[in-house]
Amino acid sequence: MIGLGHYLILSGILFSIGLVGVLRRKNLLMLFFATEIMLNAVNIAFAAISNHYHDMAGQMFAFFVIAVAASEVAVGLGLLVILYKKYGTLDLDAYTVMRG
Amino acid sequence: MENLVYIALFAPLAGSLFAALFGMSKKNIITGIVTSTLIFISFVASAILFSHVMTVGPVHVRMMDWIMAGDMLIPFGFLVDQISVTMMTVVTLVSTVVHIYSNGYMDHDKSFNRFFSYLSAFVFSMMVLVMSDNFLGLFIGWEGVGVCSWLLIGFWYHKEDVSREVNPSISPSWAANEAFIMNRIADLGMLVGIFILYWNVGSLQYDVVFAALPNLSDGILVAAAVALFIGAMGKSAQFPLHTWLTDAMEGPTPVSALIHAATMVTAGVFLVIRANPLYSMEAVHWVSYFIAALGTFVAVFAASMALVNRDLKRIIAFSTLSQLGYMFAAAGLGAYWIALFHLAAHAFFKALLFLGAGNVMHAMDGELDIFKMGGLKKVMRWTYLYMGVASLALSGIGIAGIGFAGYFSKDAIIEVAFNEHTYVLWTILVLTAGLTAFYSFRQVFLTFHGNERYHALGIHPHEMYGYVLVALSPLAILAVVAGFYKDWFEHFVTKLLPEYHMSEHTHHIAWILGLLVIAFAVGGIVLAYIKYNRGLKRNEKLERSFVYRLLSNQYYIPIFYEKTISKPYAALSRFSWGTVDQKVVDATVDGIGKFIKTTGDTTRKIQTGNLSDYLRWMAGGALLLVAIAFVAFKLSQGAH
Amino acid sequence: MDGILTILLFFPLLAGLLGFVVNKDSIRAYGIAVASIEFLLSLWLWMSFDVTHAGFQFVENIPLVSDFGISYYVGVDGISLFIIIMATLMTLIGIIALNIKKDIKNLIITLLFLEVAMVGVFISLDAILFYLFWEFSLVPMLYIIGAWGGERRLYAAIKFFLYTFTGSLIMLVGMLYVAYVYHSVSGSWSFAITDWYALILPLDVEKWLFWAFFLGFAIKVPMFPFHTWLPYAHGQAPTVGSVILAAVLLKMGTYGFIRFSLPMFPDASVLYITPVAILAIIMIIYTAMVAYAQEDMKQTIAYSSVSHMGVIIIGTFAMNAEGITGSVFLMLSHGIVSGALFLLVGSIYDRRHTKLMSEFGGLASVMPKYAVIYGIMLMASVGLPLTIGFVGEYLSLAGFYKISPIMTVLAGTSIILGAVYMLNLYKRSFFGPVTHEANATLNDLDGKELAALVPLVLIVVWLGVYPKPVLVPIDNSVKALTSFMHEKAQTRVAKATIVVSKKNKEMK
Amino acid sequence: MVMIAFYFFAVLITLLFLVTVMSKNVLYAMTSLAAGMVLISGLFFILGADFLGAVQLIVYVGAVMALYSFAMMFFDMSKDVKEKNGSAATVFVLGGAIALMLVVVFSAPVIGQGVSSLYPEAAGATNPQAVGLVLFTKYLVPFEVAAVMLLVAMISGIILAGKKMDASLSTTEEEIPEMTQGGEK
């Protein structure tokens, strides 16, 4: 029988995959993809817990996560376009303005 | 009578404030006249109060509340009884004379108005001191006279500091600070005495405190007596806090006469007399004896220094110190009324002596070295007469119930010492009487007799103004006749002060004792006559001897104080500032700041500016946090 | 009048905001007008104050965050009343004596904001509100030192800010913990200090909290060894900054002890009298010596200020009405006297652009009025009877005598050492011949400076001779405080140490 | 049956996402991401969150992926992405450690006791109904806020991406300040 633990572990593995992506990739667009993976991983956990407790709060959170993700993509891509215009690349290593 | 009390008290204040209005403008004779008049009014009021106290009894007024906190209630209350009215009369009388005198003495000084403002302020403070009905009120006056003394010693503040060899007092402002600080040291003792009384009695009113004394434990009584006497030691310049008094001679001479001879310095004696119920307690017997012993020591100690001094005013200052010693000796031995009597008599003749010295100084263009004077009696006949009378009174000349003021008062003190079987003290006091006569007349002869050494300086001495000489006459008369009122005075003050009776034995041999003292005094005068009448013959060998140098350098005590107290204090201060404060305390604080800054500088390298690196750090941190949270949760679960 | 405290608090704030639109040339007059009105308002507060009543008056309590018991809770009692009046007075005097041309508009607005913070600290009866104003007061002061200060102003300003800020953070932790304990005892949140008073804490908690609060207050006072920010702040601050810093901001620390530490932790306060008193005595003697070693006139006064604060601490921990009343009174007198002394140093600095004593000498001949006022303030500073300085110093020491005679004698050396450095300063600067050419032609005090200083002289004499109108309201509140502490104390030692005065004397 | 479906989806999703993360080609990455999203909605259906699954399909697979593909047209993405992927070990250790951590946390029986349902599913209602009931009562305000947020995001996305649309892609650095100045005017 598939229990809550299965879903949570799946969610954890997917989250780690996303994290590896975030850490490994240098291309900003790829970073965005990885972020989406992490968000979705969390959504799975929410949905699973919601199902487990028969409580709608989890699903509600998942909805808001999706809303936030959508907004993030909209704004983030806008920013990416500007960055690309400015630097001509999306490579993270090119942005070192914050060097202390 | 209440109004008279207020008039006596506040007339000097009014005069001071009036003069202060003109304080920064140039000389205005009106200030001198107004302040003198107001002091005279105060004197008249005091005299009327005197007769009132004599015929009716003490007056006690309470003006208003001053400090109210917790259970402490301290009013401005004024008590005019036998002790205070005696002091009031003496103070205002001498003050009146000194004010009039100052009109002449200070007439060329550009700060004439300021001088009168200070002088009247002093009289006001002194009146507060003697009239107050509680210890803290006394303390107001106590500090007030201290400040006025500071202002007046440093009156010629513009003079520069010079080395101790040129002027032993360095400069007026230096002497003023020395006097103030030394007094402050003693004042701390006095404050502690006040605290002790307050917390054990619950009040500072004289009557309440004295009534409660029998209920207090011995330790508290001794502590209070000692603490209060420390205060008295400062104001009355008793050893070891005596050095400021001779340095205070830097002030104008009227100031020396009024403050540092007649009134302020006797405040310590006044305090002991005022607190006589405390000092008469059986428990504080040893403290009283110590007071007497210290007084006797100071008497001979100061007299010895006066023997060799060349400075006219300093000699008189040492003699003041010596006479204060006599007063403490009497008070310490329980003869309070005799101490008070000597205080009053001393005020008259010592003020006269100082003012006479002022005349000499005025004539000699400020020169004070008696080795440079001589033969002044030809040009300063009246001054010579006054100083002669005052010196006779100081030496205590008289016989068989007829004599100068000092004869009655000082003799009585010596007799008391004999009567109390303190023969060591008695011997020293008799010896000191001889020394006193010697140095007094050494000064008189060197100043007025012999060859006229001042010609070398190109000075043309002249007698003081006539009105000044007239103004001095009351003091001269009192210096002569005050002694005759001894019995009357005894009768008057012993209504309040404990009586003092000589034993039968003493009474019988009193005439022998008196004769002995007179013999010493006359001996001193004769010795001075032989040595100095013909003029000055310097004895170089003697002047180079160790004892002579010891005495003329005041036993090296001022230098000792400078070397062991002032200099180390200054060095320690600089050490505290330069090393402790800057290099330890502040450096620690800055060190913490620097540590944080260096840490920041070092860890700044993490800030590569590369987002990937930051993300890795973040992931590592998140991992750590989750791990900690998990472990902590597990542990807390395990604990339950 | 119920809203008087709110008016008192917000009037300078609004006036300060309005100040941004006032013309640069008339800003000075505007500042004086606003500060005068504020001062008159505080006098009105005193007039309407019921002197026979010991508790808080003009109380306003409006919940702000009711879930956490934070509210706009203000009120005054005899202890805070006069400190508020002094704060408004010293702001007024500071603005009158202002002698800065640079950017004066911002300076005056900053001063008005600072006034808001000062009034706020002393009227707050809610810990969060208190903390808010406590921290807020740092900002204008930081700005004053940093923008109008001397050469090392940035170092001084940052040191001042970080140092005091660190202390107050620890105090905040203490406050939050008290609130937490209150919550766990009563089940509801409250930051009202009157609620906290009623809270009886376990002894070991009291001890920890005492030190948490102590650190915040001690740095502000500043107590040895946390005092080193002060000389820098004073040395670099402009005159008006020094005046307000010395007169009012330092008092926040000692006020904190009386408002928080004593009534909230009576047992711990009694328990720690000895260590605190030893620190205070070190502070008195040591800083007096350091003051003596200074070459700079302003530094001498800065250190003397620290030394006198030691006496205030001594009085505060006397645990009887005499000492605590004395320490509150000494706060007032110290504020007025050291404020005046800083003003005086400021006037000579404006003329000569130096504060070194060796540069002066013989000033008494050249500037007699200046010398007279300086002399009066100096005498008040060394605690001469019949000046304002004596009453507080005497009562503080007298009160502490009950705790320990030996330590009182040590603390009492303040009157000797104070005389030493002050008279040394006066002698070096004012006495002797005029040695520097530049000093020979100095102008005496002008009208503006006299207008600022003469009122202070009058206050010094008035409260020295007749302190009763001020002393009685303070005393009433302090007596209520001591009897409350006595009631609340749990240990036997504390009950024995805290002296309850016999009864409240009636006002005649 | 559920078990088979779950493992099927789980394995596929994992593989697809691994492709997304590892692939050098952006097009492959995006395609596999979109596929993974679709499969996740399958998981939601299994969990009975029908409405959520539908939203997942519409929003992610429809809107977000469309946005990505449009964005890609701005960039020159036909070539493989060139990256310096240094110290891969750190990354995999970190990722692995976190995965392990999460697995341990989730598998440890530390949660689940004493949790009661805050908003229980309405009895007898279908999932979309239940969602609606909660969303428009308890979560009304957040819902509206989310709507506003989306609006703001949309407008800002348009403005950010749309600035100097006509300018060439080789815009030089100097022109950015001009842009901000232009914004101020």
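Letters A, B, C and D name the chains as they come in the text, with residue numbers starting at 1 for each one.
In this section, contacts are C-beta pairs under 8 Å (C-beta built on N, C-alpha and C of every residue); 3 or more make two chains touch, one makes a residue touch a chain.
Bear in mind that the values here come from a model prediction, so they are computed numbers and not experimental data.
**Student:** Going by the stated contact rule, which chains contact chain B and chain C alike?
**Tutor:** For chain B paired with chain C, there are no chains in contact with each.
**Student:** Quick one: which chain's Cα centre is the longest way from chain C's?
**Tutor:** With centres defined by C-alpha atoms, farthest from chain C sits D.
**Student:** Count the C-beta contact pairs for A-D and for A-B, then tell me which is higher.
**Tutor:** When A-B is set beside A-D, the one with more contacts is A-D.
**Student:** On a C-alpha centroid basis, what's the spacing between chain A and chain D, in Å?
**Tutor:** Here the centre of chain D sits 5 Å away from the centre of chain A.
**Student:** Need the CA-centroid distance for the pair chain A / chain B, whole Å please.
**Tutor:** 90
**Student:** Could you state the distance in Å from the CA-based centre of chain B to that of chain D?
**Tutor:** Each chain's C-alpha centroid was found; their separation is 94 Å.
**Student:** With centres defined as the mean C-alpha position, give me the chain A-chain C separation in Å.
**Tutor:** Distance between chain centres, rounded to whole Å: 56 Å.
**Student:** Would you please write down the residue numbers of chain D that are in contact with two or more other chains?
**Tutor:** 90-91, 94-95, 98, 102, 105, in rising order.
**Student:** Give the residues of chain B touching no fewer than two other chains, as numbers and ranges.
**Tutor:** In chain B, the residues touching two or more other chains are 616, 619.
**Student:** Can you tell me which residues of chain A touch two or more of the remaining chains?
**Tutor:** In chain A, residues 19, 23, 26, 93 touch at least two other chains, as defined above.
**Student:** Please give all chain pairs that are in touch with each other.
**Tutor:** Chains touch in the following pairs: A-B, A-D, B-C, B-D.
**Student:** Show me the residue ranges of chain B that touch chain C in the complex, using the header's touch definition.
**Tutor:** 23-24, 64-73, 136, 139-140, 143-144, 147, 150, 154, 157-161, 171, 173-174, 177, 180-181, 184-185, 187-188, 191-192, 194-196, 198-199, 569-570, 572-574, 576-578, 580-581, 585-586, 588-589, 593
**Student:** Tell me, which parts of chain C touch chain B in their complex?
**Tutor:** 159, 162-163, 224-225, 227-229, 286, 289-290, 292-294, 320-323, 325-326, 329, 362, 364-365, 368-369, 372, 379, 382, 384-386, 390-391, 394-395, 397-399, 401-402, 405, 408-409, 412-413, 415-416, 419-420, 423-424, 427, 430-434, 465-468, 471-472, 474-475, 478-479, 499, 501-502, 505, 508
**Student:** Residues of chain A touching chain D in their complex?
**Tutor:** 1-2, 4-21, 23-27, 29-30, 32-34, 36-37, 40, 43-44, 47-48, 50-51, 53-57, 59-60, 62-64, 66-75, 77-82, 84-86, 88, 90-91, 93
**Student:** Considering the complex alone, what residue numbers of chain A touch chain B?
**Tutor:** 19, 22-23, 26, 92-93, 95-100
**Student:** Okay, in this complex, where on chain B does chain A touch?
**Tutor:** These residues of chain B touch chain A: 604-612, 615-616, 619.
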